[in-house]
Structure formats: structure tokens, C-alpha cells
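We just call them A, B, C, D, E and F in the order they show up, numbering each chain from 1.
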Amino acid sequence: MKPPRHRPLDAHVIPRFAGVRTFMRLPHTTDLAGVDAAAIGIPFDTATSYRAGARFGPEAIRSASALLRPFHPGFGIDLVETLSIVDYGDLPVAPGDTEGTYRGVEEGLRPVVEAGVFPLVLGGDHSITLAELRQLSRITGPLALVQLDSHTDTWEMYFGQRFFHGTTFKRAAEEGLIDPAASVQAGMRGSLYGAADLEDARALGFRVIPSDELRALGPGRYAQTVRERAGDRPVFLSFDIDFLDPAFAPGTGTPEIAGFSTAEAVAFLRALRGIRLAGADVVEVSPSYDGPGQPTALAAANILWELLALRAAMA
Amino acid sequence: MKPPRHRPLDAHVIPRFAGVRTFMRLPHTTDLAGVDAAAIGIPFDTATSYRAGARFGPEAIRSASALLRPFHPGFGIDLVETLSIVDYGDLPVAPGDTEGTYRGVEEGLRPVVEAGVFPLVLGGDHSITLAELRQLSRITGPLALVQLDSHTDTWEMYFGQRFFHGTTFKRAAEEGLIDPAASVQAGMRGSLYGAADLEDARALGFRVIPSDELRALGPGRYAQTVRERAGDRPVFLSFDIDFLDPAFAPGTGTPEIAGFSTAEAVAFLRALRGIRLAGADVVEVSPSYDGPGQPTALAAANILWELLALRAAMA
Amino acid sequence: MKPPRHRPLDAHVIPRFAGVRTFMRLPHTTDLAGVDAAAIGIPFDTATSYRAGARFGPEAIRSASALLRPFHPGFGIDLVETLSIVDYGDLPVAPGDTEGTYRGVEEGLRPVVEAGVFPLVLGGDHSITLAELRQLSRITGPLALVQLDSHTDTWEMYFGQRFFHGTTFKRAAEEGLIDPAASVQAGMRGSLYGAADLEDARALGFRVIPSDELRALGPGRYAQTVRERAGDRPVFLSFDIDFLDPAFAPGTGTPEIAGFSTAEAVAFLRALRGIRLAGADVVEVSPSYDGPGQPTALAAANILWELLALRAAMA
Amino acid sequence: MKPPRHRPLDAHVIPRFAGVRTFMRLPHTTDLAGVDAAAIGIPFDTATSYRAGARFGPEAIRSASALLRPFHPGFGIDLVETLSIVDYGDLPVAPGDTEGTYRGVEEGLRPVVEAGVFPLVLGGDHSITLAELRQLSRITGPLALVQLDSHTDTWEMYFGQRFFHGTTFKRAAEEGLIDPAASVQAGMRGSLYGAADLEDARALGFRVIPSDELRALGPGRYAQTVRERAGDRPVFLSFDIDFLDPAFAPGTGTPEIAGFSTAEAVAFLRALRGIRLAGADVVEVSPSYDGPGQPTALAAANILWELLALRAAMA
Amino acid sequence: MKPPRHRPLDAHVIPRFAGVRTFMRLPHTTDLAGVDAAAIGIPFDTATSYRAGARFGPEAIRSASALLRPFHPGFGIDLVETLSIVDYGDLPVAPGDTEGTYRGVEEGLRPVVEAGVFPLVLGGDHSITLAELRQLSRITGPLALVQLDSHTDTWEMYFGQRFFHGTTFKRAAEEGLIDPAASVQAGMRGSLYGAADLEDARALGFRVIPSDELRALGPGRYAQTVRERAGDRPVFLSFDIDFLDPAFAPGTGTPEIAGFSTAEAVAFLRALRGIRLAGADVVEVSPSYDGPGQPTALAAANILWELLALRAAMA
Amino acid sequence: MKPPRHRPLDAHVIPRFAGVRTFMRLPHTTDLAGVDAAAIGIPFDTATSYRAGARFGPEAIRSASALLRPFHPGFGIDLVETLSIVDYGDLPVAPGDTEGTYRGVEEGLRPVVEAGVFPLVLGGDHSITLAELRQLSRITGPLALVQLDSHTDTWEMYFGQRFFHGTTFKRAAEEGLIDPAASVQAGMRGSLYGAADLEDARALGFRVIPSDELRALGPGRYAQTVRERAGDRPVFLSFDIDFLDPAFAPGTGTPEIAGFSTAEAVAFLRALRGIRLAGADVVEVSPSYDGPGQPTALAAANILWELLALRAAMA
């Protein structure tokens, strides 16, 4: 018997402000039978260099996601008719213990990845992406990273710690989880410790597109660059909410001014239609710094919805 | 086979900030087998006279309730070992339609009440209590009302509407859902439209204890008054969060200064140990007026936990 | 004897932060002798599907409007020398009763409309526009609707209710208050329940311009489209504050990301110079979700000022 | 012909959240015929030593005062049936110019005082009280000051300026506007620059009651002290909102912890029933530091209402 | 030559809102010559179980401390004339690494402790107290702990980690840094995981005074209990800001309702006059959850000032 | 002996959230030996026409500046290796006394200017720029003013006061401190009192570029205009934070909608590379109106960093 397609609560019976808060008002279950995509929280923020609080990111994103409806007018796709989606809940994390959390996340993601379910992760600080990539790449092989972020996160170390929200992609490259030659980091801006902050990423093999260059490229040529780099590789898209300007996403740990609007972000993402998306996350939502009404969480929920649409567009 | 006792997520495996937000991190289910008590949201605020927003009360209370642990040191009772408790989710409401909502709430509560499960309601504005009383009193007969509130909510009408958050207990008396002679309203304060605001409640038969008198009585004599009035009647305890001072509960629709602290509120509630509690609610939490960190929701969650303890103390 | 021209408080005698808060510091009166335009509040939010609170919209807009000065540099017009403007106060509303409120608004607007005074309405949720259109179209005949909004508000029903902030323009078309063939809805974006959300509006005859298309058109071609559609019809301009991005207008009930900046909104409005504006409103300002300093209310006050300028430019 | 008694908007026709914000929803007029009491704003904050912003105090207090109903249950008095009250608007102030503002306030208050109307002032920082006392004492002679405050405001000078929110009562004593021997300052607490901060006030002749002593006295003996000091003198009651603890009144310029609750404040005020109240003010409400929902302004509005009740109780 | 006494900026030359923010506007130096007491920040929050953010505690407390004046009217002592006090700055911490931070704190405190300077620590989460006690007890021997807190912090472990903000005093007892038999923990309240949460602390030898008992004791008998337990031992006073009720201190990580007011806290502390205070800290101030105007930080700054007064009273 | 180059705290030893808050974590000293540039606070807001609070601007900017790293990727310059920079602290101000403050600022700036140190001022309301220009022009002669602002600040008078935040540049022109013929004011927008608001500035000789024109010019032609006007004159760049849209800078006193993004502002500033920058300030940051996480202060800190880069690019 075919498992039922999961659908959100019916907003004509249960108003969108009602009900236990799950992602997009989808069922919360860890039963993956027939599931195509799973929203998964990783509420971790120990590996943060400035403002903490991303441990409450998944809760805030789930709350804001009550506003998400199923139909994507840009692609003409009904997400929940195309994909059977669930809220898988949060993976086990160990506050204060990054490596212990990595073990928990890797183990927690295993059944999802092994079931071929598309993982859509709600962060948490950017350190968690490493554990996601470890588990996902076991199935997919080295991934093409498509990162939208104001920082490259390719430092070597932080206060003696190799695992940290600013070292994720150096580790990922070293561990062979991603193929830098197939990867694109875009949106970098703000003050740096030195020229090396960007050059080190390039030395690792990444294509690094600072914000001014990205603005000049526009969505079309950006997407072309991504497609050329990624080729046939499965793609992991990691969206750090600080890619957005603080006016659009104040609730984050290391904000940088002169960033992108949500309209720009959506345009960049929609231009990627057709990439082979194998996994994705939105990270660094820190609700205690968000504005009233939690606009950052709303932006994150919508970005996650755009990522689901990219996956649905593959179906 | 005996149904399993429901327990919250283990905070030593899943930290308290993690996981989908249900009341006290208890399972969200509508299966009532073996259940002793159910937390139930009624996210309704159409019947509000000043500040709206209580439709988001259940969400905020669930979020804050992640801080609640099971053991009650005042009573020496482990709530979740004494009662099998679930989060039943939210009842269907119709925003903009008070009487339609009443029908939905009455119907929605029926299986809970018929199963003998203790209903612990997360409001919503105070209009919803009428629907709760209608359903509950079908089983229990007229209830003794124990109301902690800064207003008596015994008006006749509001803008031509008989069902409204300020008319609930006049309607409840008229409909015979409660026995005013067995009931106590306490905590009244603030400016009035006229002396009738309190006198009308007394004329209906309620014992009305304004805040100054309540303060003078103290927990012991207040509880004695309640016990004398309620006698053997089953009790419905309705706690309007505006019983608390705005310093302790800013997030509410019609705040009145010179109110009670949470320490005072807890003392009044604990003094009631031994009453025959048949149902309870905490209403009028309006999160968009709450402070950062949502202290009003935290107070409401703790008050609900005290109400569960009163019920558990009967076991 | 000619009635005196109304003017705001003199900011060189009474600083702008001083004085009872009326719109633009204009006199608050219901005497319409010699009056050209009246700012009118309709503090209603019962017909809201997500976040309530727009009942406090008129107060917040009045507060922010203290910053408005009389001279419009874009048009080179002094608004208060061109038009005699008053603050007419708020129309009677019945919280919890949409149809009762409609009756109150229609009756309340009658003397304004019959006196030929330009009504400039401060909402309130979008349901109120129906009552405005009912009264105004009695004089003007069917109006051309120029709507800037992220939603078309052309649903059929909501929780059994035909009158609701998402059904306004379907009702207005059905009741013949507006001529869809002369009307333009622009700015639509965000997730939908289905393709029908936009198609239904088009089936009613509206020209629907989603946000991406609007951005591509730019102010000039947008205004040309409006002029071609409206022709000689009198125009009602309805500005839902959620046309703006949440970065610019966080204080609203159903925010959608990827919206417009205030600079873009102003440009679209100024391009409309020359339309036959018969009435206008700005709706859905929900102050309890606004940021510190109430930027949404400030945006709304300025949009209202641009609408007055469009009217003044006709003089 | 007897002028009509002024009454607030009828809350059964115009809901309390509706209408232009005047104090207690009373008519805004400067016509004093038949008027017994006038609420008057003085939006000035130039003379502030720490956090500015009290210029927006009158607006915030008017907004919060929409919640005030006419009947005082403690005294059994309907305020608006006992006194004909109006909102007189704001007096002219000159931001940046304390002495110029004093001239404006003195002149602005003259018609009120000369008409025998009870002035109830909404501040503004505490410097404004000097101008009030200057004008009022012209009629009454030296007043008995009853001050509830966390500071005595009896400094000599501040940055070379003799007129400042911390020097008001030294100036008032020097100018003979008040009789320190008839006056009581109560509620003083917090860190001091030196023992002289309190001793100087005592040397001027004031009775100074620090917060610990006031708490020990309780309302009854406090009121007895006031009555003994004031004797037959007309009383000016000046209530600095920082008398309240920051938990109850966060929105003020120089908060001091370990203060009083609103319940305590109300008890102290009600105990004063029977004093010959000739004028009163509530000062130092600084809304930009207030919590969501503006609890400080709500407290101030209620304190003003208690002061009106003290005046009404004389009738 | 005697080193100069350090004094704060003169508020009559540099207003209190001006200048680089150091504790009490005292000089920021690490030169300890002639210094009696040093305010020291430990901005660490990795070891937090619920809301993070205490890493910004020292900054917020320094900001609020600009309001502290030197003279303590309760004791009649001028703090800065009695003690030469400096702001020593922040000790090195390693975010994400509790044990590494302990090493940094221990090393960083060594020169202070060895110079006989009184350490007054601005936390940081409660885990940091262990490192403070390790360094201080090297000189003093086992200390008498006087803890005001809503939790005992005597757990064994948290997510496999022995060093954590809930295990501090179990570790301190095990390591012999404090003498439980000489120690008093007071203020405990809120829901527990089990009766063991308090019993374990008692089994370690602590005198545990829950909040209800503390309220009944009052300041006098509480202080007597402390004196009897501490005897001649040097005392370390650790004040967790969650001892205060969330109305008074919303900005903290694990708030518990029904707590103490600042007036109560000050009374308990002043009653301790005469204890041999060897060190002290105020911890768990989490500014991103604080209210506008940062009342929690203001409370913390004043508590630290009371602790300085206790030390000064020994001089 | 050459004085040492000043450098910020090392973020790999002291995390960026730690340490006493100075600008860019640079040393706080008034010793100017070897210093190239000095960040200087002027915490003054008496001369404000609408919202006060800019007295706390320097504190908030210093706090946010902890996020600034030394390397400027746009110019390829390490600021702290190119310039030896210090935090000079705040200049003495007299709250309530504008002219007294001018004297204090002029005197306080003298040693900086005479030492040839580049003054980078953190405001404060815009009135302070006059005092800066007075002192700086003593050395440089009349300066070319490059002002980015939504207002020209060329009024004659305000409430009888000639020195005020809206009269600064009229006074500066009259006093010969700046050469209007060499100066450019850009970004003007919003409602005006009359056409004269802009025409008066032009009559004084300024080139005034309203926001629409500035947007059309773009960074390149704007910079060309500035260069043509300024010629060889030393330049003073005054950046009023209200140049930015309220979405990007809500925390300011007289916000105007339809403003510029931080990305646009940065582009305009970087295009100015090569001008002879002699002094600069960023004014009108009013933190109590800022959003959570203080985005306005972050924008201001980054603008100041861009100004330092313009100066460093001259080296």
C-alpha cells in the first residue's frame, strides 16, 4: 500500500495562527515511509563567535512558516502535491559540545539520508553544516557547495577549536565532503581581518563572488556560474541568513551591512532552477535579536520554501 | 493492555530549547486512551474590547512551557508520574465569528470531557470560557467558578453582542453552567464604568473580592472562602492573566495596574489544594504586547502547571 | 462668508512632538464647511486572518504624521494651501461584528461623501474598504480600483464569512462598486494556496500585476497601464501597507517578503499624477508588530501624504 | 446658561481604542467655561541629566488613558460626574531652552489658574514643576509640596545651569513658591553623590522620607505625616514616575531599583484623601524606554486618575 | 609613594551618559598598585542550558553602572573614598570551550587574587564561578558560599559535561573550594526534575533555603543563618540574577516566576553587613532578553554596588 | 623613539564580544603621540527638534564597532596598519546648553586638530558639527562640506535659537567655516515646510542634490560632482544617519522614508576615494529608537570605518 502524501493542516479549517507549530504546518513524524523531503531542526549555537541564540532558530522558523502556502507562483508548482514533506523534528544536540553535537547530527541524519529523503535543515549556527555534509556525502559523494553568505567560513581555527561556525567549509574541503572546484561562495562583504580571509577560500579552490560582483552579475549570470561549476555534481545549498542585509534579517549573530534584500535573494535562488539539489540548510537565525514580528524568521522560512521549490522543480 | 503513561521529552537527551513546541514538551496527540489531562489551545481573540492578539496566546504559552519540569516541590508531587498528560492541540476556531467558534469549541471539547480527561485550556480571550463551561457542565452539572481576574466579566452586552470577553460569566450564570452562589471572583480592581460593574456581579450571586480585600485576606482566608462557597461542587478555575500586575504580565489586552505578583498568585493557588478541580483555563495572554523573552507567557505556563498540580493533588 | 482654510499647528510655535495627535496636526472637527479633504480613521481588525491589531492603526498613523510638513517637493505643491484638510476622527466600528461595522462606516462616511469632501482613510484591516466603496460609489458610480498590495483579496469566503479582509474586492466587483475592467491590482507576491489565487482575480476582470512584473514595468509603464485601464473613471486608490517589504513595514498582519521599498512605492505613486482620485485608503498597519519608533506607521503616514498630493495635483 | 458638563466619549458607541487620543477621551478644548479640572501636557525634556525622551510623555499618557473609566471604586466617586474635566492640550515649550519654556508654561497656565481650574499636568521632565508652581502660587500663596520621587531634586546647579530637573525644589523653596516646612518628600533611594544629597533637602526644611522609612510607615502614617505638615496649606502633589520601581515603570530617565509597586503607590495616594489639592503633576515618563504596550504610561495615566479622585473627593 | 586613589569620572564635568563605559565610570587599568577592589568581566555563556547571551552581560552591566553614584546611604559609606576601585576589564575566555575558559579565568584572576584585591566579577553564566573559586580559594582556603539563586546548581552532569552552569557548586564542593557546612543557598523555587534537585544539595552539606522559607525568614533571620553557618570563614557571595523575579530581571537565561523584587534583594544583602566578604559575582545577565532600557543590567549593577558596600563596610 | 602604532585588541585572544567597549576595540587614550586618527564621541542631543536620545549615540556606535575588522577589501587597505588610530573618548558636553557645549567641544578638539590628528566624530545631534568645523577650520581654512543627509540643515532659527541641529550649515557658511561653493549636500527628501527649505541652501551657495537626483546620478557622477566642487579644498564629510532609509537606520531623530540602503551609501562613499578628507562625523544615531541588536549603530560604525578608509587611502 502506498503511504499517504503528507499535507499541511487545512487553513480553511484550522486558521494559520492555530495548531502546534511545525514547519509549514506539516505533520511532525519520524516515519519516513513515502516521504520525499523532511524539514529538520538543528538547534545549536555553541560554535558562535559573536551573538549566540541560533539554538532558538528552528523554533522561530517553524513559527513563521505558518504563513507559507503550498503553491509557488514563480515555478507554477504546488510544493505539497509534488513532494510529500514532513517535519522530522530536531536532531539531538549537546549544548556546549560541538563535536558531540556533530556525532548526534550525523547519526540523526543517517536514516533520512539513507531513505533518500531530501534534508532541509533549519539551523542553528553554521558549524552544523559540516555534520550535514558528512552524512549526506556518504551517499552522494563530494558535493558541489552553493553558499550564499556574507562570510566564506574558511578559517583554520578559532580559540584553538577546529570546529566552529567560521571554519566549516575549510573542514568540509579537507574532509573531501565537497568539491571546491565545483563550488561557489557568493555574497561576501564587510570588514575583514585581512586579504587572506577571501584568498584562503580561493586557495582552497572555491569560486568566491563578493557582494559587489554578485550584484553586478545579477541572477542570470550568477546561476550560469553555478551551473558551470557544479556540472553534474549533486548540490548542497547553504544559505546563511546574514547574506541578507540587517534591514531584512536583523536576527543573526554576525550581521554585515550593505547586504541583499529578500527580493534579490529570491531572484538569485529562482535563477538556480534546474540544479541537482541534494540537500540544503538555512542557518544563523538568532531570534532574540530579531525585530517584533520576527521578520528574520519569516525570511528564513520563505528561503526554505524556495529551496523546497528548487527540489520540487527537479521532480 | 494498559495505554502507556505519556511523558515529556527527556531533557537530558533533547535539550529544553529543542523539539517541536508542545505544552511541557508532552506528546501532541488526540488519542485519549489512558490520558488523565489534556492541554488544549483555543486561539481566539475576536471578542476582545481593547488590545487583540490572544489568538497567539497558545503558541506563546507552549513555547514558554519548555521550561517546566515535572516535579512540584510545594506539593511534593511529580505531575507526569501522577497524571498522564498530553497536548491535544488547538480546537477549531473561526476568527471573526464568536458564536461559530463556540460551536467549534463545544464540539471539539466533547470527546475530552466525555473521556473524563481533565481539560486545561490555553486561551484565547475570556469569551472562550463560556464554550468550555457549556461542554464541561453537561457532565458535571453546574460548576463552582473560581475566577482570578481584574474584571468580573459580567456585563450584559457590548456593541450589541451578547457574547464577548466581558460578558462571559453573566451568560454562564444565565445558562446555568455555573452556580454563582458557589462561586468566587477575586482580584477586581481598576477604574470602572460605574458601581454597577461590581454590584451586578454580586446581584447575580457571585462573591466578589476586590484586590484590596483579597490582599488583606491572604491565601489562607481566601482559600477558606472558596471552600465554603464551593462546598462539594466541582470547580472550574478560570485565571485571567490580567489578575497579575502589568509588571509581571504586560502581554494582555486590558491591563490594570496595582495587581498581583506571580509569587502572590502562586500562593493563592497553592492554598486551594484540595478543591475538586474539574477544569481550568488561563486566558488573555497577548504575546505581541509581551516583553522580550515573553515573561507573560512564562507566567501563564507556570500558572497552568500550578493548576495541573491542583488536579494531581486530587489523585 | 467663506469658511477659513484649515491649517496644521505651527511648528515654530508648537514643536512637532507637542499637541494632541491628529493627522498632520490638522484640526480635529466634523464640521465640513469649506473642507476639501478629510483624514478619517476606521480602527477595525475583526476581519483579519493572521495577526490582529490594525484597530490601533489610525492612532499610530496619526502619531507618526506629526512629522509631515505641508510642502511636496516632488509636485511643487503646498498641500495645506491647496486643500483645506481636517482630521474627521474615527468612524464608529463594532469590534467583533464586521457587518455591523460596515453599516457604521457607510453611515459615518455619508456626510463626507455627500459634501464632496475627499475621503482619505486610515485603516484598519482591508475589509473596511468595501464599506468605503459602497458609500463613495453611490455618488461616483463604479470606481476604477488602483490597488497596491501583496494579495488580490479576491477570495470567496473565509470560515463561512463572506466579509473578510481577503474577500473585499470580489465583493466590491460583485456589488458593482468598482469596475474590474478599469482596475489594476499590483504588487502580488508570496506563496499561494493555488494558481487560482491570482487567476480568480483575473477572471473577475482585474488587471493583476505580480511584483516581479511590476518591478520590470517600472513607475512609468505602470502608470500608463493604470491610465489606460481607468480612462475617465474616478479612481479609488487602496494601499495595503504589506505592498511594502517587511523591512520597511514590519507592522502588518500578513507580511510577505521580497516586497517593495518605500522609495519604490513613492515612485509608483508619483507616476500616477493626473489620475482622477476620488478616494483613498492605507490599510493593515498593525502597530504592536511595528519596530521601535514605529517605522510602519511613518511609512503609512507618508503614503497618505502622497495620496493627498495626488488629489491636490488635480486642483 | 450653565456650560455643559464635559464627558468622555461613550465607550459603548466609540470603542476605547478608537478616536483621537485625548486624556481620558475627554474633549480637547481651551474653553474653560464651567471646567473644574484640566489635563495639560508639558512636553519638555531639555533639562534631563541621563535619558531624554520625556517630551513624548504627554502623548504616551494620553494614549494609555483611553483605558481609564470614570468611576473610582475606592472612593465611590464618578470622576466625570463630580468634575467637569477637559484636555487642555499641550503648553508651548521651547526645546533646548529651559528658561524660555518656563516663560511659556507660566503664561500658558495663567488662564487655567486664574479661572480656578484644577491643573493636572502630564510631564515632561521634573524641571517643569517649577514653572507650574510659579503660576499656581501666585493665586494660592506658598504651597505645601507632597512629592513622591526617588530623588529630592534639591541640587544647586548642573553644568552651570540653575534650572534643571534636579534643582526644581531648591529653586521652588528659594523663590517662596512652596513652604518646605509644610512639605514632605518621600521615596528617596538609590546611590547618592554624598550624604548631602538628602541632607541639603532637610536643611531647606523639607521632611525627607527615604524609601525604607516610607515602607515602614505604611500608607496610614505617611498620610498622617503629610496632613500634619501641610495643615491648612493648599497642596501641590508632584509624582515623579521613578518613585515606582523600574519593573513597574521602566520608561523613565533616571531609574532607581528597589522602588515601589503601583499597588503601593495607589495605597499611599488614596490614604491622602482629604488633603486640599490645588495642583498636581506626573513627570518623567520617557516612552522610548518603556516596554511593549507602554506600561509606564499606563501607570502614569492611572496615577493622574488617582490625583483627579483626590481632587474630586474634595468636592 | 602611595599610589593614587582611583575615582570615577566627575559627573559634574563629564555627564553620566558620556565617556567610555567602564564599571561605575572608574578607570580601566590592569595596574593593581594601591587597588582595593577590581570589577572584572567574564563574558562567557557556552555552559548555558536554555537561553544563551550572558557573554554580553559584562558590557550591559558596565553600561548601566554609569548610573551608580559613590555614596551608600544605607551604610553611610562613600564607596570610592573607602576603597580604591578599578575596572580591570574582561578576562580571556574561549567561546565554545568551558575548560579552556576555566584555565584562562584562573590564570587571569591570579594577579588580582595574589595582590589581595577584592574581585567583583561581572558574569557570564554561572559556570564561571567555579574558576573564580579555584583561584580565590588558593589564598583563602575553602570559602563559605553565600548563594542567592533560584537554582542550587548542584547537578552532576549535563549532556556528558561535568562543567556546566548547573553543576558549579557540586564541583566546587568536590574540589574543596567551598565548605558546604559553612554555606547557604537561598531563593530556590520553580519546577524541578525531582525532589533530588534540592536534596542533592542538602546531601552535599549545603543549607538550602527555598524562596517561600526565605520570604518567611526575612532579612534578619536570613542573615543570622548565614553568620552562624559561615562563622569565621571568608565568604564568597554569588548572586545569580534569576534570584530576582522576571518582572525585575527579565534578561536571564533560565527565569523562574514567583521570585524576589530588587527591594527584597537589597534588604537581604544589607542584612549581611559584617560578613567577611572575600569575593563576589553577579551572573546570568543575558541582555538580548532584557527589556528596553536594560532593567536587568541596572539591577545587576546595583547588586554589585551593594556587594562593594559589604566589602567597604569591612574596612 | 617612535611611538608605537596603536592596534585593536586581538580577536584571537580576546573575542570580539569581550573587553571594555572602545571604538573598533582600539586603545582609549588622550595621548596623541604618533596618532594619525582619533575616534571622538560628542554625546549631545539638546538641539534636537523631534526625537531626542543621540546623547547615547557614541556608546551605541562603540558597542557595534566591536564587529569591525581592520582590512578594507574594497580599497585593499588595512586600516590599522595604515593609520595609528585611538579612541579619544568623549568631549565634555553640557546637556541643556548648546553654546556651552560648543565651547567645550571647540576646546576639547583643539589638541587633536593642532596635533594634525584626523578627527572622526561619533555624534550626537547635528548641531555639534558647527563646533567641529569651527575648530578644524582654524587650521585648514574654509572647508569643502560633503554632506549626506535627508535635510540641508540650513534653517535660520528654531524657537528663537540660532544654534540648533537644523541650522548648522547656515551658521557654518555665515561664519566662513565652510565654502558653500565648494560644497555638496546630497540625499534631501521628505516633506518640507516650503520650497525655501531647499532654495535657501542653494541661495547660500550649496550644491543641493535631492535623493531622486542622487539616485539617478549614481556613485560615479556624484563623486565627480563632489570633486569638481571641492577642488583642492580640504573636505569635511558629515554623514547624518537619516540619509539612510528607516529600514536601515530606524534609530534616529527625524527619519524620512524613501531613503538609501547601506549598500548605496557605501557605494557613494567609496566613489569618493581620493578626496582630501580633513575631518568627518556620523551624527543623529538615537539608540532608544533602534531595533533589537542595534542595526543603526552597526550602520554608523561601518560608515565611520568607510570614512577612515577614505582617509587611509590618502596615505
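We adopt the following convention: a residue touches a chain if its C-beta (ideal position, glycine included) is under 8 Å from a C-beta of that chain, and two chains touch if they have at least 3 such contacts.
Because the structure is predicted, anything quoted here is derived from the model rather than measured.
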Repeat of interface B-E, chosen from A-F, C-D or E-F - more than half of residue-number contact pairs shared | A-F
Between subunit B and subunit F, the Cα-mean centres are separated in Å by 55
With chain centres defined as C-alpha means, what is the inter-centre distance between subunit A and subunit B in Å?
-> 40
Return the distance between the CA-based centres of subunit A and subunit C, expressed in whole Å.
-> 38
For subunit B, residues contacting two or more additional chains = 15, 17, 49, 51, 55-56, 94-95, 158-159, 245, 247, 261, 288-289, 291-293
Pick one for the touching-chains graph, please: line, ring, star, complete, other.
-> other
In the complex, go through subunit B and note every residue touching subunit E.
-> 11-12, 15-17, 67-74, 76, 78, 245, 247-248, 261-263, 265-266, 291-293, 295, 298-299, 302, 305
What residues on subunit A touch subunit F, complex-wise?
-> 49-51, 158-159, 189-195, 197-198, 210-212, 215, 245-247, 250-251, 254-255, 257-259, 261, 288-291
As the complex stands, subunit A meets subunit E at residues 45-49, 51-53, 55-56, 94-98, 100, 158-161, 164, 288-289
Across the complex, what residues on subunit F touch subunit E?
-> 13-15, 17-22, 28, 41, 43, 55-56, 58-59, 62-63, 87, 89-90, 92-95, 288, 292-293
